Amino acid sequence: MSLNKINSNIKKIGVLTGGGDAPGLNAVIRAVVKSAIRQYGLEVVGFINGFSGIIHKDYRELTEANVSGILPRGGTILGTTNRDNPFRYAVEINGEKTFQDVSDQAIENLKDLGIDALAIIGGDGSLAIAYEFYKKGIPVVGIPKTIDNDLSATDVTFGFDTALTTASEAIDKLHTTAESHHRVMILEVMGRYAGWIALHAGIAGGADVILLPEKPFTIERICAKIQERSNMGKKFSIVVVAEGAKLESGEMVVQRMVHESHDPVRLGGIGNRIGEDIERCTGMETRVTVLGHLQRGGSPTAYDRILGTRFGVKAVELLVDGKYGHMVALKGAEVQEVTLDSAISQLKQVDPHGELVRAAEAVGVSFG
Amino acid sequence: MSLNKINSNIKKIGVLTGGGDAPGLNAVIRAVVKSAIRQYGLEVVGFINGFSGIIHKDYRELTEANVSGILPRGGTILGTTNRDNPFRYAVEINGEKTFQDVSDQAIENLKDLGIDALAIIGGDGSLAIAYEFYKKGIPVVGIPKTIDNDLSATDVTFGFDTALTTASEAIDKLHTTAESHHRVMILEVMGRYAGWIALHAGIAGGADVILLPEKPFTIERICAKIQERSNMGKKFSIVVVAEGAKLESGEMVVQRMVHESHDPVRLGGIGNRIGEDIERCTGMETRVTVLGHLQRGGSPTAYDRILGTRFGVKAVELLVDGKYGHMVALKGAEVQEVTLDSAISQLKQVDPHGELVRAAEAVGVSFG
Amino acid sequence: MSLNKINSNIKKIGVLTGGGDAPGLNAVIRAVVKSAIRQYGLEVVGFINGFSGIIHKDYRELTEANVSGILPRGGTILGTTNRDNPFRYAVEINGEKTFQDVSDQAIENLKDLGIDALAIIGGDGSLAIAYEFYKKGIPVVGIPKTIDNDLSATDVTFGFDTALTTASEAIDKLHTTAESHHRVMILEVMGRYAGWIALHAGIAGGADVILLPEKPFTIERICAKIQERSNMGKKFSIVVVAEGAKLESGEMVVQRMVHESHDPVRLGGIGNRIGEDIERCTGMETRVTVLGHLQRGGSPTAYDRILGTRFGVKAVELLVDGKYGHMVALKGAEVQEVTLDSAISQLKQVDPHGELVRAAEAVGVSFG
Amino acid sequence: MSLNKINSNIKKIGVLTGGGDAPGLNAVIRAVVKSAIRQYGLEVVGFINGFSGIIHKDYRELTEANVSGILPRGGTILGTTNRDNPFRYAVEINGEKTFQDVSDQAIENLKDLGIDALAIIGGDGSLAIAYEFYKKGIPVVGIPKTIDNDLSATDVTFGFDTALTTASEAIDKLHTTAESHHRVMILEVMGRYAGWIALHAGIAGGADVILLPEKPFTIERICAKIQERSNMGKKFSIVVVAEGAKLESGEMVVQRMVHESHDPVRLGGIGNRIGEDIERCTGMETRVTVLGHLQRGGSPTAYDRILGTRFGVKAVELLVDGKYGHMVALKGAEVQEVTLDSAISQLKQVDPHGELVRAAEAVGVSFG
């Protein structure tokens, strides 16, 4: 194996995974490590549990042997967490909880470990922290990770295809029992602010009703659709509901709860709530499945492994080429770079009048 | 194709599926139809939606063409329902709901259609009705169906392997995200009176805690187990809970609700309830997945297709051999017959001190 | 359901599937039928077995009921064939085989059936025939289908994701046994002229060697790679080979055979041939798996169902908008139209120096 | 965790996996290790690559941490091989290959390592070696492993359910493409001396023809069956062939090859050979898929994980109870012990007139 000639003075890089886990994280880590070592002769250090690993100097040297066999595995070998933002680190002083900026200490730790640059794999929260480090002079590149696919700077993120595949397979299973038993089946899927999983899985699974955060619904319209089907002899219906779907009245379907353990909002329960309403207005039996974290788990699909691998290789290339402060992104068929600044600024939501929604409507989907 | 010589005066049989659907029903129907036609030159009629089809003369002639391609499909091509017991048929008289015995009318309908015998695929409810018909002189054989595997007269029923496979795959997915994110994952599975799905899926998925109806649990013991793991560096745990699991105190975890639409009890919610308790006593984040009817759905496993096929073939053989009032059953490696009488009398529960539970304990499973 | 206002004088359309089958065909057919009926109030006729159905007036009326439940199914409900080109139709005259142009008769048949326009789903062969019909004045749109993904006019075709997923899952399975048993495993996959399946599946499965038609290989380089791994303690290797992979010497690995039954070239056997060579030069046991038509089969992935649905909806839209002589295509995240003329002119091959190949090399893949 | 009281003077046990790998081996290893440590406070050593590990003192201490997470993984963490029988060990003396009995040295090595007893997981070859060690005074228990399910002493072995599931899923995929394209699809599966995989997978997948070693076939009967289907309008057929299937004429379909690398016979190619014959006599296009080692690979099914776990727990129990020279076995629903002596003496073949074959025939399967 011959190393690429590089002008870079980077010798050792750190990699970490932040925020919720997503299938494909290990594919990215493997690609970063293999590419860094094989292409450029770099050393690689993996920080444990996201930024917490930098703050607490909790890390592992990563060699090719360490990443052997991890490609098909879900999760992340480095661990991850939503907590421990170095720029706003929770500490308890005199029994009171407060937040401190420990980023200088973190940067000190990086220097101690001889780490010249960081590849940060994470969602908008982690990427915002990455950008803060970049502004303080640390060579950083970002790799986008959001299972909800709601990051505007990239066409697709890894993990999304696996999540929607899990949801789509669930709909397939619900179909056979719904049809045999003449029931309404509700499937609650992830998607607080963007309904990409619900929309894609709903189309792939042949759902009859799809409820999105972007297209407020009414129970009446859902029931009308189910009734219309019943009149045509279809004595069952499949409803896919994103956890953040909204009633047209503006009323929240379920109260968001501020949750102490750092997961800012926890919804849940919208499926059960809607199921009861549908049972009441249609008189048909309904059953509810809540996929929950199944959607984050499992072996990544081929698509996600390939995308993760390409992202990992590109991220190291950006670091070596000195393109700091950027994030890798898929644009059409190409993996490119965009500035971190632009990447973290905008949520990508479903266009309620776009081609995908219209295609769904054309094959008979109601959005309630 | 040469027909077997038979002394039987059976020329036309009816088949129906009753109760909740289970993966493999179509394999049974296909085997009944193919075997009846190919082996014995019989005609076959399929009743729609269980016993309702007999009461309302709702049926289809079933030919080989009708059952072509249904082997890999979940659900039942005949439809099914928990309702419409001919011996206790719900009618409304003067606005009041009451029950009538319409079995004589049902038997009249069978005669009108020239049906000489019935193959009834169903759970304990449907098999009890089958036995009533048998006592009234109708040539009947039963084919056991219970996704919960809780029928004592057969070692295994079809559908169970598919259900536990779905649950086991769910645990695999939860494992990767639990481990990456240091969380407690709760998986609520079917099993009101018997914990076979929870026990088998829990062993197959490597669960840390399994909660069964047959082994009352305490929250304290669950939390102690999770804490023990945490002390050993395992910062995550997987808890599988059967919907009918019971607290040692005798207290119901969730109130059973008598449900108007004929599904006698609907539980649900035990996963969420336990999740909150665990979060409180361990201080660890917990997430809950409720598989619900996913467990009934989907393409049957190879195991269930084979067992369903064997059951269907054997049932027709019993009818032709005049062994009425019997049910097919798996005993060891053999498909045999047992009397319907004996079959419907006893629930098969997990032996809390049996080999399977002890094997689970030997590999570290806690039963709370 | 309210119909879109259209100026079109199209009232009835025909749809057919030509060439080899691909997962997602039924998703396209369903979308064409549902969209045509629901959006525009059209009638739809499905021709049986591709163009043969037009020539022999072999067709079915297609209603929403006909396409209900077909979304998750592989294959095509209309049947397909590589034969029966109306512009070059094989007939036997006086015992001799000859070809005739029966396209005028085919057009007459369309008129007889009152069919105003055609949606033709097929590969380059079928699309070329579609273009011929268009030039003769028939309103036609094309929908691209090639499991090999080798059509330059669209970024991706449906069926490809399913095929590479099947191949990638096969590699996952081979990995565990290769590693346990210290063997070289060869997986032969589809790809006569383009190595997209081999390349994508190889990256997704973590293959060590990938052999493509676009990058001629030598046995020596393959064995050197396997030896290099062995020296590093990796006593197993995975080799993915496209059936059309070429030796650097220009020599064909296996002789292409002109096959009488109209499938122009049949390769096969390259896996076995290479396996023997590798066993000889490395002294390691090798085993060969030939996936064959497994890659065409099975339930389409969520990705392919969504893409097929979008293609079907767009095709009907093009017909109604009078954009005849076009083909639907995926460009980036958008489904657009391109002219049939441009679409059938160029094969899309793997760029041996492109980003995807370089990403594979960066993570250690050898291309022999 | 409280240890069971034992009278045993066993303190440290060795475990190894021999012969071809099978899904579920890791489940057994995990159960042996966890059970030994948790139940009885034993130490466990894993030998690398079967008996080779004893001969060369190649081993790892196995703790609970070592077996954490291996339950869902195919293959064996200990490695395996068909070679290196201590009672007939291949050595080269003066350039000539000869065999030596190195079992005394092996026993010496066990003593050096302080190993009091062995749990040997393997097929008939490895179990015969286990029995030899037992006769020389080593406390040994066997755990049966044969993917072909051809061991008479146990109803089922782990790995078999996974292998037939892989084969059955392959038939599902072939079905959709066969039907769409009017082809004959041949699937070659494992089974040299016993056709269990072919028979079970064929029934589960709805094959039309199944060819077994136990029921000699003729090409004429296969073609007659395919023709009969064609006459009924079924323009496709699925043929499943075990690699050891035999022509009625007694002629071998393909020549068995004595293979230098210690794999005693390697068949292969029977699928292609039969495919050509069928194409010739039916005039229909045929395609061949050779699953090969796919059948050994992949994550074990829930069934195999449970069976493997029960076997592992039982094996340790037998060792601790002093029941040396026995093998664990599944009898009906019970895991029991049988003597190694009886276990290795007889091949379990398909009964060509048994219930399973008759059930297959009843649903229309031809055995050629």
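Each chain gets a letter, A, B, C and D, in the order it is written, and its residues are counted from 1.
Definition applied: contacts are C-beta pairs under 8 Å (C-beta built on N, C-alpha and C of every residue); 3 or more make two chains touch, one makes a residue touch a chain.
The shown structure was predicted, so the numbers you read here are calculated from the model rather than taken from an experiment.
Participant: Report the chain whose mean Cα position is at the greatest distance from that of chain B.
Facilitator: Result for the farthest chain: C.
Participant: Can you compute the centre-to-centre distance for chain B and chain C, using the mean CA position of each chain? Integer Å is fine.
Facilitator: Taking the average C-alpha coordinate of chain B and of chain C, the gap between them is 41 Å.
Participant: For chain A versus chain C, what separation do you get between their C-alpha means, in angstrom?
Facilitator: Each chain reduced to its C-alpha mean, chain A and chain C end up 31 Å apart.
Participant: Which whole number of Å gives the spacing of the CA centres of chain C and chain D?
Facilitator: So the centre of chain C lies 36 Å away from the centre of chain D.
Participant: So which stretches of chain A touch two or more other chains?
Facilitator: Residue numbers touching two or more other chains: 169, 172, 175, 179.
Participant: Every touching chain pair, please?
Facilitator: Pairs flagged as touching, ordered by label: A-B, A-C, B-D, C-D.
Participant: Which stretch or stretches of chain A touch chain B in the complex?
Facilitator: Touching chain B: residues 17, 20-21, 23, 25, 49, 73-76, 79-81, 166, 169-170, 172-183, 185, 261, 263, 268, 272, 279, 285, 287-294, 296-298 of chain A.
Participant: Under the stated contact criterion, what part of chain D meets chain B in this complex?
Facilitator: Touch residues, chain D against chain B: 1, 30-31, 34-35, 38-39, 64, 68-69, 71-72, 155, 161, 164-165, 168-169, 172, 175, 179, 200-201, 203-206, 234, 299, 301-303, 305-306, 309-310, 312-314, 316, 331-335, 355-356, 358-360, 362-364.
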